[in-house]
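Letters A, B, C and D mark the chains as written, and numbering starts fresh at 1 in each.
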Amino acid sequence: MIIIVKEKVRYYETDMMGIAHHSNHIRWFECGRSEYLQRAGVDLNELMKRGIIYPIKHVSCEYLHPIYFGDILRIETTVKRLTRAQMVCTYRLVRDIDDTLLAIGETQNVFALQKTGAPTRLDLENYNKLKVLQNSDT
Amino acid sequence: MIIIVKEKVRYYETDMMGIAHHSNHIRWFECGRSEYLQRAGVDLNELMKRGIIYPIKHVSCEYLHPIYFGDILRIETTVKRLTRAQMVCTYRLVRDIDDTLLAIGETQNVFALQKTGAPTRLDLENYNKLKVLQNSDT
Amino acid sequence: MIIIVKEKVRYYETDMMGIAHHSNHIRWFECGRSEYLQRAGVDLNELMKRGIIYPIKHVSCEYLHPIYFGDILRIETTVKRLTRAQMVCTYRLVRDIDDTLLAIGETQNVFALQKTGAPTRLDLENYNKLKVLQNSDT
Amino acid sequence: MIIIVKEKVRYYETDMMGIAHHSNHIRWFECGRSEYLQRAGVDLNELMKRGIIYPIKHVSCEYLHPIYFGDILRIETTVKRLTRAQMVCTYRLVRDIDDTLLAIGETQNVFALQKTGAPTRLDLENYNKLKVLQNSDT
């Protein structure tokens, strides 16, 4: 299942080269990931109240074409690997108006205890919600 | 007492007009305010562990001259009004190399309980630390 | 005419107090202002190609209630004063789900020459577009 | 040659997990890279005036330990590969007080023409400045 969010490039996201600064891609990936969790029914706020955090361990991004102020981006998020210990997502940033692929990327998040930072496992209920969405067709 | 911090303008702080984006001024004010608290010996992390937060209620900024990538800024922070309920700071952003005044601003912060958001009063020990720094000459 | 944009609060916009950082309000105001210009048919990119920039001279924000991750914000933008030399906008940030007013603010932008920073006047065609939208009812 | 810059973690760089948001690491890498260019005597502003930009093509970051508000970071930047067409840098983010390695990363930048985005080659004078610094011992 690919989850899609659309975002319009904001003025403050540009830099003096006249294009969106490359750190925003990492933030758009996060928008996609947040939407994925929400559609699966996993509530990060509720996890944090139970002392579980969801830190990122690795990120990579390949920049294919510049992104401009006002562009409508389609953020396409796929869960590539999911266990109760970690979640690996891949992303495609696409210019909505002409389907140009602008960037691709990947992140690895893990589940951890807020107090100690030690790795933990996601509870089965939330894990299953994510698994169902990952395997769903539409 | 005026507390001074120097910051170099970062590339990602620029926008497509070729100047530092105006939201950064608000962030530089915060750098100045954080430094003020630290020099006074007030630890925000420790306050938060006791359930006290320090939300902002009002901010204003007047932009006098553009700020460019690589500029060294002098952030000058003064506490204009201090009670156990609130702290009003004023700021001057100065280009260090030629003393040009680039922006001025003001913020009002209050002390509040994290759980409810209700106003609270700063404990006397921390209040006194801030008062001593405010009244100190050097 | 009030122009409305909706934005969902992003994870990276939060800070360690668990609420959206106060610099984002300034950025949401900009989202509202950008939308206003776009709906009026004024193209900032095209203005910049003609050497005209649109720097901000003053901003203020009053923070009424905290804003949280995942909140849907309604950014309501009104042009309060418009001449060929400047544009003053006011903003209301409203929590969409229950119409709670979260923050109000105001900005003043001017038109200037990119090369020198000297004040300039907006061309009549673009000025009229903005004026029409300001006076329109729907 | 390893170029070192120190940066103090700013309050707005934190997120609701209580740690610095992972997009900041990408920005700290940029701080290191900007410093590298400056120490070599390469002026990005001057390059841009000649129509040459320096876009990023690839970034990756591995997050080893969380970074907290107020931490002093040592950003260590090394040029791993340098040609007139591209520059690959590696980074280490180190907590200054106890030398804990917090994150490592890598970026690839290329030189391109601002007008068309087409690849270009860095002029020999600037290339040599970068090469000298890369091979220098201190």
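In this section, a residue touches a chain if its C-beta (ideal position, glycine included) is under 8 Å from a C-beta of that chain, and two chains touch if they have at least 3 such contacts.
No experiment lies behind these values; they were computed from the predicted model shown.
Among the chains here, which has the CA centroid at the largest distance from subunit C's centroid?
Taking each chain's C-alpha mean as its centre, the farthest from subunit C is D.
In terms of C-beta pairs in contact, which of B-D and C-D ranks higher?
Pair with more contacting C-beta pairs, B-D versus C-D: B-D.
Just how far, in Å, is the C-alpha centre of subunit D from the one of subunit A?
It comes to 24 Å between the two C-alpha centres.
Using CA atom averages as chain centres, what separation in Å is found between subunit C and subunit D?
Chain centroid spacing, subunit C to subunit D, equals 32 Å.
Taking each chain's centre as its mean C-alpha position, how far apart are subunit B and subunit D in Å?
27
Where does subunit C touch two or more other chains at once, residue-wise?
11-12, 16, 18-19, 23, 27, 30, 69 - these are the residues of subunit C that touch more than one other chain.
Which residues of subunit A touch subunit B in the complex?
Going by the criterion above, the answer is residues 11-12, 14-16, 18-19, 21, 23, 69.
Touching subunit A in the complex: which residues of subunit D?
Residues 16-19, 22-24, 26-27, 30, 48, 53-63, 65-66, 114, 117 of subunit D touch subunit A in their complex.
Would you pull the subunit B residues touching subunit D in the complex into a rising list?
These residues of subunit B touch subunit D: 10-12, 27, 30-31, 34, 38, 44-45, 68-70.
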